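Presented sequentially are two complexes of chain A, the first with chain B as partner and the second with chain C.
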Partner chain A sequence: MGQITLRGIRKSFSGVDVIHGIDLTIADGELAVFVGPSGCGKSTLLRMIAGLDRPTTGTIEIDGQDVTRTSAAERGLAMVFQSYALYPHMTVRQNLSFGLENTRMPKNDITARVDDAGRMLEIMDLMDRRPTQLSGGQRQRVAIGRAIVRNPTAFLLDEPLSNLDAELRGSMRAELAGLHDRLKTTMIYVTHDQIEAMTLADKIVVLRKGVIEQVDTPLGLYNRPQNLFVAGFIGAPNMNFFNAVAVDGQAELPGGLRVAVPGNGPVTIGIRPQMLHLADPDAPALTGTIRLIEALGAETVVHAAAADGTAMVVVLSGQPALRTGETIRLAFDPDALHVFGADGQRLD
Partner chain B sequence: MAGLGDLLGRAVLWPFVLLARLIDLPLRVWQRWTGIGGMAAVFLAPTLLIFGVFVLVPLGLNFAYAMTGGTGILLGERPFVGFEQYGRLLECEDYTRRLTCREDQFWTAVGNTGVFVIFQVTLMVAVSLITALILNRNIRGRGFFRAVFFFPVLLSPVVVGLIWRWILQRQGLLNLIMVNLGLDPQVWLNDRFYAFAATIGVSTWAHMGFYTLILLAGLQAIPRDLYEAAEMDATPPTRVFRRITLPLLAPNLAVVLVLALIRGVQIFDEVYVLTGGGPGTSTLFLTQYIYEAGFASILRNPGLAAAASILMGAVLVVLTLLQLWLSRRAEGGRVR
Partner chain C sequence: MSKVMGFLTARRGHGGRWHWTDVVTWVWLIGGTIIMFGPALWLISSSFKGPAQLAEFPPTLLPYVQELAVVDGYDDPLPLFTATLEDGTTQVLAEVRRVGTNAQMVDPANPETRIDVNIADRTPVRQIGLATDNYVAPLVANDFVRYLWNSVFVTMMATIITLLTNSMAAFALSKYDFRGRNAVMLLIVGTLMVPLSVILVPLYSVVNATGLLNSLWGVILPTVATPTGVFLLRQYMLTIPDELLEAARMDHASEWQIYWRIVLPLAAPALAVLAIFSVVWRWNDFLWPLIVLSRRELYTLQVGLNTYAGELNVQWHYILAMTVVTMIPVVLVFLFLQRFITTGIAGSGIK
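Then we have the complex of A and B:
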């Protein structure tokens, strides 16, 4: 079991509010990802769940039990730190068994558990080394192993891959996903990298400035972002936004193309770069002047400026014949539009 | 243009400018004569001169004096006696009985210093470790307490000795308090046991701030998240201390241990002011013995004092090498 519920969690550090009321449930066995820009309070939230920090107000429940006042030691959770926090003076084996030695577990069982984790993470040949004698990726495995041997109710991981190079990050990400599939233990994974969030998560919690902006599945967030922040944060390259005014269910994009929109008054119309394609020569189109072309082979990324100067990015498949300075004419499926009101919330 | 401030500045700078002009010419001449490489010698000379006059020459003189006899002060007046002074220090009829030694005071001082070092260093390491551990926590007024424990380090040893004499003497502060509390006053500094304990306590009080600082620096270098990882693992506090804090603090502890040993062997000034070595010879330590043998006793014997100081120096050299070895090893094998 490992259901985690947060109710009205707030946290302030010496009078400065950092977390402004979080309500959230993470189901047993779920891999939830907290994602948001640096400094938005992801670590603080995770540390409160771990029991390393106390919320200023609000309650934390694990499997229905209020653990707000319970010490970190008694919550039965395991944490993987961003810095790994391996004990530098101990061998890998000692690092892995240290936590188990605090329980009354017999020596043989400890050895067996450590060996199991070691085999699972393929670090058996490193057991007698010290952390300084390991590469970044190997240290990461040991840190994860130290969490696994404890057989915790849930894993908490704070930006576990941020100290690895891009290639290693990709392969460790896949391994973590595999690990979660095998263990089926609840995991809360913190990252500022939306790609990590999209690829790993069952459920993504988007945070900004200590507030939850949206909770949904990766595709749910991608397809129906509830506000401008989420729309801009999820997806790469970022969504294009155009300011417009809606009158009688119609709004005009820069260059004069009219589209149907819900609502009235000032709106922001968003469209993902991948949803734009070259328009037929005589069809109405969204036009722009090409500023920069990035030909990647399979796709071509075009940076352009709309008639009113708004910057936009287009991802076209293949290698269309385009030149910088030319006018580009773009079409899109009206269903691909995301429309947000003046308050930044999604309309419709 | 030339305002008052400008004039004032010139007036202040004038002596320095004059000095610079004065040494400018000789330096130019020297450089023309020896080339640019010779300038290094010029700049090193003052330091080498001071080091030579106050360290190297006395060191050499000390070896020379240790080989001579008589009561003369000038080396020229002193007859050569070879290793007789060392023999005199180390000669005993029965090595199990101190009083059969020719220089029984020397052995008294050696014994006292040994006992002092064992107890004082143990106490010093324990007290400064505990203080550092407490100051490393998030207690109220942490900065204040850090300052409080460091202040005695800044005091001159003579002041330290005097302060505690005023507290511990027969009509001192401590007895005053005891009388007011209805307790019998004690002759602290005239009691063999209390006086010896006072030398240990006072020297610990005077220097612990320094060692506390070294240990505090070591504690603060231990990453916080190691403790948080241990907390997540439900590690009991005693185990955290034994398995995380102590091993990671070991290099600093080694430095503290050896430095305290070296300074313990050299103990002199504050004890001399506090007890003068008394009562009797119960707080007579090596440095005081050397001082008295060479300068203060009626039959002053500089040769004997020189020989004793060379023996003590040998012990200190061994301790210093130990310290160098430990700190090198700590640097090499450190993981942080």
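Then we have the complex of A and C:
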């Protein structure tokens, strides 16, 4: 079991509010990802769940038990730190055993557990080394191993891959996903990288400035972002936004193309770069002037400026014959539009 | 070996000629060596000289002992001199006794005839040798082994307790956030400015009231809380990442285990530095032990050494020899722990 519930969590550091009231439930066995820009309070939230910090107000429950006042050790959680926080003066084996020794587990059981974790993470031949003698990826494995041996109710991982190079990050991401499938333990994973969030998560929690912007599955977030922030944050390249005014369910995009929108008054219309394609010659189209072409082979990324100067990015498949300075004519499926009201919330 | 020679004969001038920087380097290095080692070597050499030789002027560089000869008719061996006789010849004679400026001497080969020689006309026959009695007498007869043991006990105990208590204080002051933490730190550092002589009298009353007078613990306990140690260790512990302690907390470690198994091992370089300081301080302490200890069998080395400096005469030969003995442990501590000093001092942010 490992259901974690947060109710009305607020946190302030010496008078400065950092977390502004978070309500959230993470189901047993779920891999939840906290994503958001740097400084939005992801680590703070995770540390409060871990028991390393106390919320200013609000309660934390694990499996229905209020653990707000319980110490970190007694919550039965394990944490992987961004810096790994391996004990530098201990060998890998001692690093893995330390937590078990503290619970007065018999020596044989400790050895068995540590060996199991070592085999699972393929670090058996590193057991007698010290952390300083390991590469970044190996340290990462040891840090994960230290969490696994404890058999925790949930894993908490704070940007575990951010210190690795891009290639290693990719393979470790896959391994973590595999690990979660095998262990079926609740995991809370913190990252500022939306690709990690999209590929790993059962559920993504998008945070900004200490508030939850949206909680949904990865595809739910991608397909129906609830507000401008989430729409702009999820998906690469970023979504294109156009400011418009809706009158009688119609709004005009730069260049004169009219589209149906819900609501009235000023709106922001968003469309993903991948949803745009070249328009037929005489069909109505969204037009722009090409500023830069990045031909990647399988796809071509076009940076253009719309009629009113708004920058937009288009991802076209294949290698269309385009030149910088030309006018590009674009069409799209009206269902692919995302419309947001003046308050930044999704309309429809 | 050829590498060493190559290094020593290397010159900055072209073709192995002397450049002026070579000259400056050699003068600087040799001069520095003499200034650093000279006094210590002089002390060691002098500690093997007898009292008479120590009083001599000009002093000799190396220790000499006068040659003795067994002469028929005399129970004790007699000292030998080279004497210039009235007829201008020189002869090796043994001195029987001195009367005023004259010495009564005999020829060891012909002990019946006494020869009177003015003491200005003779020089002692000497060869390089060690007056080991300087060492043997205090160590065997004068309880110096006892003093040595007392000093070792005081130094060891005080250092262990200093390391323990100071590291605990430093741990709390560096890793726990509590109200008044900075005030406490300031207070501790502030006591650095209070010299021993200011608190001597109240400290004496406290030690007296607690019955620690004339006990080695009375020497040890008042010295163990050192502001320098707390400060040095705290600065070092600030560099230990908090995440390590948090990881340990997640690993079910109690605060004591965090201190004992995480913080202490990681602070080892700073602890080594403090250990060296503490050993040197306690070993060299004089004033406080002198005040607390009045029974001879409790004297530490430094206090014991003082007994050779009487009001009327100072037994320099014993003082010099025992000073060498007191130097040895300090030198040993430096030899074994010196590699920690640079890392520890650099790491604690104290230059």
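Note that the second predicted complex is superposed on the first by the 348 of 348 C-alpha atoms of A that agree within 3 Å, B and C clash if a C-alpha of one lies under 4 Å from a C-alpha of the other, contacts with A are read in each partner's own complex, and residues count from 1 in each chain.
Here is the rule we use: a residue touches a chain if its C-beta (ideal position, glycine included) is under 8 Å from a C-beta of that chain, and two chains touch if they have at least 3 such contacts.
For clarity, every value in this text was computed on a predicted model and none was experimentally measured.
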| item | value |
| --- | --- |
| Superposed partners chain B and chain C on chain A - clash or fit | clash |
| Contacts of A:Gly99 with chain B and chain C, given as first, second, both or neither | both |
| Which superposed partner A:Leu286 touches (first chain B, second chain C, both, neither) | neither |
| First, second, both or neither for A:Ile62, with chain B first and chain C second | neither |
| Touched partner set for A:Val314, first chain B, second chain C, both or neither | neither |
| Partner chain in contact with A:Arg130 - chain B first, chain C second, else both or neither | first |
| Partner chain in contact with A:Leu77 - chain B first, chain C second, else both or neither | both |
| Chain B versus chain C as contact partner of A:Pro88, first or second or both or neither | both |
| Superposition clash, chain C versus chain B, among 4-12, 58-66 or 94-102 | 58-66 |
| Overlap of the chain B and chain C footprints on chain A, listed as residue numbers | 50-52, 71-73, 77-79, 81, 83, 85, 87-89, 98-99, 102-103, 146, 150 |
| Chain B partner contacts - residues on chain A that touch it in the complex | 50-52, 71-74, 77-79, 81, 83, 85, 87-89, 98-99, 102-103, 130-132, 146, 150 |
| Chain A-touching residues of chain B, taken from the complex the two chains share | 223, 225-226, 228-236, 239, 243-244, 247-248, 335-336 |
| In the complex with chain C, residue positions of chain A that touch it | 50-52, 71-73, 77-79, 81-83, 85-89, 98-99, 102-103, 146, 150 |
| Residues of chain C defined as touching chain A within the complex | 241, 243-244, 246-254, 257, 261-262, 265-266 |
